[in-house]
């Protein structure tokens, strides 16, 4: 089978490593370059020993990638850096025919002002931004077909939007309360006292209360679906686990709407989806039950308050929340079977 | 110093073991009997090896305790059992002069109908129930003085009520959304596949969504403070950690109320408390920062939605959420310094 | 592609679940029945929620399996039970043409007396035992080809034997000291206080000191290679992790043998192996670097004592230590590419 | 009660924080200064939020401590720094009457050449070194009385020496194999990718194989007891837990010596010790059973090889392995009850 030549920019982060893992299992992709400017010249095994003994290319600077014949780029760079590098490759170097799947935040927000407020820097590539497709795959298939630049959603937005979009007509959209929880890999691999084992094990805490950068992304995408601005309540927490994410969403039901109606809406929307599953009544999804898979599972429950309901969504933040959805998006861009390379069963325990 | 003779009923559970730990450090208490009917005849070290080499009494059946001279009982039994044993000791055997500190759910709910619905059994000791003091210490000092039966609050109610009672005049009490998280020790020590390491480590999940037994307790106590019935939204989660509990509470602010007003109310209420601390602005409490201590720490934050706020409360579920508060209650019953035996610094990391 | 009809006996244990995960990814195998007598009648998702939404067959009693057309059986039953069930199927029911891959201890020990002493029951199927092939794949290929009954090694023996067999001519075989460590999944899924989260998290301990059942298996297989009896020192430990196993082996070097000689022997032996890797000098293998993969990685180091050396071997106890090696064995039995279905990259973090 | 004015140098590390915790519970000590040059000017709660609400002094540079009236110094600095600072205080500034309890490695090794080889720097305070008492408390009481400079043993040496010193006459001292395991807090609080949660959770690995700096310390102290040089085999491992340490020691028994003899020697040596306990036959010590306490527990077992035995020792690396033993040493220096401030029961779970 012919395989597309694939480059990963920023292969030394956790989303980069997850992209490597998934691409190695993908029948139509072949890794031809891995970049990490801080680690250029090292073998990939020096940075990620679990990838030893696999015949992977050594790490290079992104400037040193030979672009001839490259078909696909997964950009796993930090925000800011990603925009600059993608602009350089596609606008300055004029590399042609690339499909760029960006996992950073740089092309997620359509509103450049919100981007500037949220990420503290002006967006410098408005043309690229205008052409980027927001790749919440299940809601973007038409736009994704043949796209050249895909912005993969943040992990929290992925878990939250999949759990809210089918409900927008049924709930009080002005009082959506999202209590979210993430594993530590979501913080990336940059050394930091805050994420050392003794500081994150055996305990839990909220962070970025009222200020997390993923919340404006949720607002914008829900707002686009609704046709008006909204502001969600969003409180993320850090949990002592490597992978996994929960969004526990408490919503008010509109007049005349029952929890059964809410459930029916989700079941109708997702019944043909390969990766998004509505749990049967009474089953609570666990993060560990989607570990290392591209699944999102959603549970729907009556709240104690009879006018409210609870929607719970779980994903693996590195897979469906990042690199898995990135591969799923590429599959749609290329017109391949959407599940190609993504059919792995969750790893439990 | 004269020490009161103290008996622990149900010393083989985690709250029993925590009571043993705390009482051993209490200058005015002396352990004279430990009961555990399933393990009667064993040394305590056979059940809890961490307690070896301490000269503790062997485990006996509660029926075999010699009650002459006993001053204090900590009842760490399961609900149902606790009520029966306490009734037997105080009403049938007519043991006199005992102070009974009950850590079970049996005397927490004043409304016996709610008890019956919640715990699936009728309450059989209405007189004892009528006389029991609900021991959320900071709100019960007057009633606790000299009390003979104290019902210690559940762990979730402790974390939630301390974070809501000062706010009731300032918030929309009909739409309180509590997202709570607990360490695994809260499930007790009874063997169960659900709480084995591989089933609870490296992941997280909600449970008892809409149905947890601690929620009616929160309703009743908030309702008593308000003078009318309310129903809170309450979704608990199980986290991969031994100890620790968070209540993340999202509330709507009443017209004209600011987050600063909310903070001022908490600071005023708790400024003289030894164990309840309001964190300075911007500081998020972690469960690991109160580990093995009797502290409750509360953070107050603006929500993204300008008409809402976030209140976050953390405790150690076994200490302030159970055996620590039990000792604190006894200190008040006896008129001792409320912090006696409870001044341990949190254990970190 | 034609797929062989495959049955898993004992699919409700962790090795059963791991076998399901691996077989679902195997292009030449198709799961046609899953048995678990305690859970017969349930969907597999009721027992293992991570396997929901996969279209797997419901659980049945092993007695109710329809054997017509079945090609392959993975027996993931407890020892004792496994022998009885396999004997019933192959000797009583006379099911023909089956390949039985047994993951229990029942056919590992060739010496029935040692089996009786170690497992506390007499072996009742001496003919089956005589025909069983001990499936430490890398050392059993000739015998495995076309075998009808394969006994997969224990997890500790797998890690230990792969790290000792190339060294036998170079070391003092009468003073081999194996210090081994395992994740909690090795204890299986039977509910037990000892393996609950609070009893196994945040700490470590040895167990079965001097008495672990896997040690006689190591003795027998090393003894067979040496042509004489030996007794290894073997101390296993339980670590707070789901998956993973280390054997840290301290050995005396024979006169004139250097650590470089030892390394050379391992490199020569394993240079063409797909799953057993000798780490480059100075690299220490981590269990997390083989997680959920079929790899064994071996590090070789000088000890501080110049006449001794340290050999460190890591595997995932559920994969190379159990179900992965089982699939690898089947691949050899059938003459397929040995890596079929087993090329997954380790999952990290 | 009069309390001695106590200073902690290097209060921002984990041993510093543990010293703060223990000293706050000590009836004869009062913290008057906490130093941390990198964090000077911050409140202690900014560095260690678990210590908030305790009225502790702010952090200062060690150069800014007012030494008048200071009685006791706990030096919790990195090696190298510790020697320099202690020399400056006692030799340059000539502060008089101080008791210095050093928790670093700088005064542990009596042989300055071994120090230079091991720590990569020459020792510059030979006079201080000559006067320092190696504070393995149970073996140093005579020298500790009234000492002015105490070098607290490393954590691995503490666990190992307590488990070997009573055995030296009974075992083959030239083939001692120590397989040791530590929790992550032993690595200190300096940010580092290697100790981030995702790199250390859910897995285990050896490190410093053949080269760990604590091994020469074990050699020197065993050698001093024996009157001749020896070299132990020593392989440390990092485990996914905050606190806790195991030394699993495999030894050959001398001709005519039985495991019962070995046990008897340990029981005789430690029967009157407050903190070192020999477990009853068959009981395996767990690290979690000494958590946050000053205990060392030792188990003694027959090996499978009848000429060998297994000695297992567990401590909390931050308590008996560091700050707890430091306080114990001070108690002996001052002639106080050795258990003062150290009678806390282990925290479990």
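List of remarks:
Read from first to last, the chains carry the letters A, B, C and D; within each, the first residue is number 1.
The rule is simple: a residue touches a chain if its C-beta (ideal position, glycine included) is under 8 Å from a C-beta of that chain, and two chains touch if they have at least 3 such contacts.
Nothing here was measured: the structure is a model prediction, and the numbers come from that model.
Ranked by separation of Cα centres from chain A, the top chain is D.
Comparing the chain pairs A-C and B-C, the larger number of C-beta pairs in contact belongs to A-C. Rounded to a whole number, the gap between the C-alpha centres of chain B and chain C is 45 angstrom. Chain geometry summary: the mean Cα position of chain A and that of chain B are 39 Å apart.
Per-chain CA centroids place chain A at a distance of 36 Å from chain C. Contact of a single residue of chain C with at least two other chains is seen at positions 14, 185, 198-199, 201-202, 240-243, 285-286, 288-289, 291, 348-349.
Of all the residues in chain C, the ones that touch chain B in their complex are 14, 184-185, 189-193, 195-202, 240-242.
Against chain C, the residues of chain D that register as touching in their complex are 174-175, 177, 179, 181, 198-199, 201-207, 209-211, 215, 231-235, 237, 239-244, 246, 248, 250, 252, 284-289, 291, 299, 301-306, 308, 310, 312, 314, 348-349. Here chain C touches chain A in the complex through residues 14, 17, 20-21, 24-25, 48-54, 185, 201-202, 242-243, 277, 279, 283, 285-286, 288-292, 295, 297, 343-349, going by the rule given at the top.
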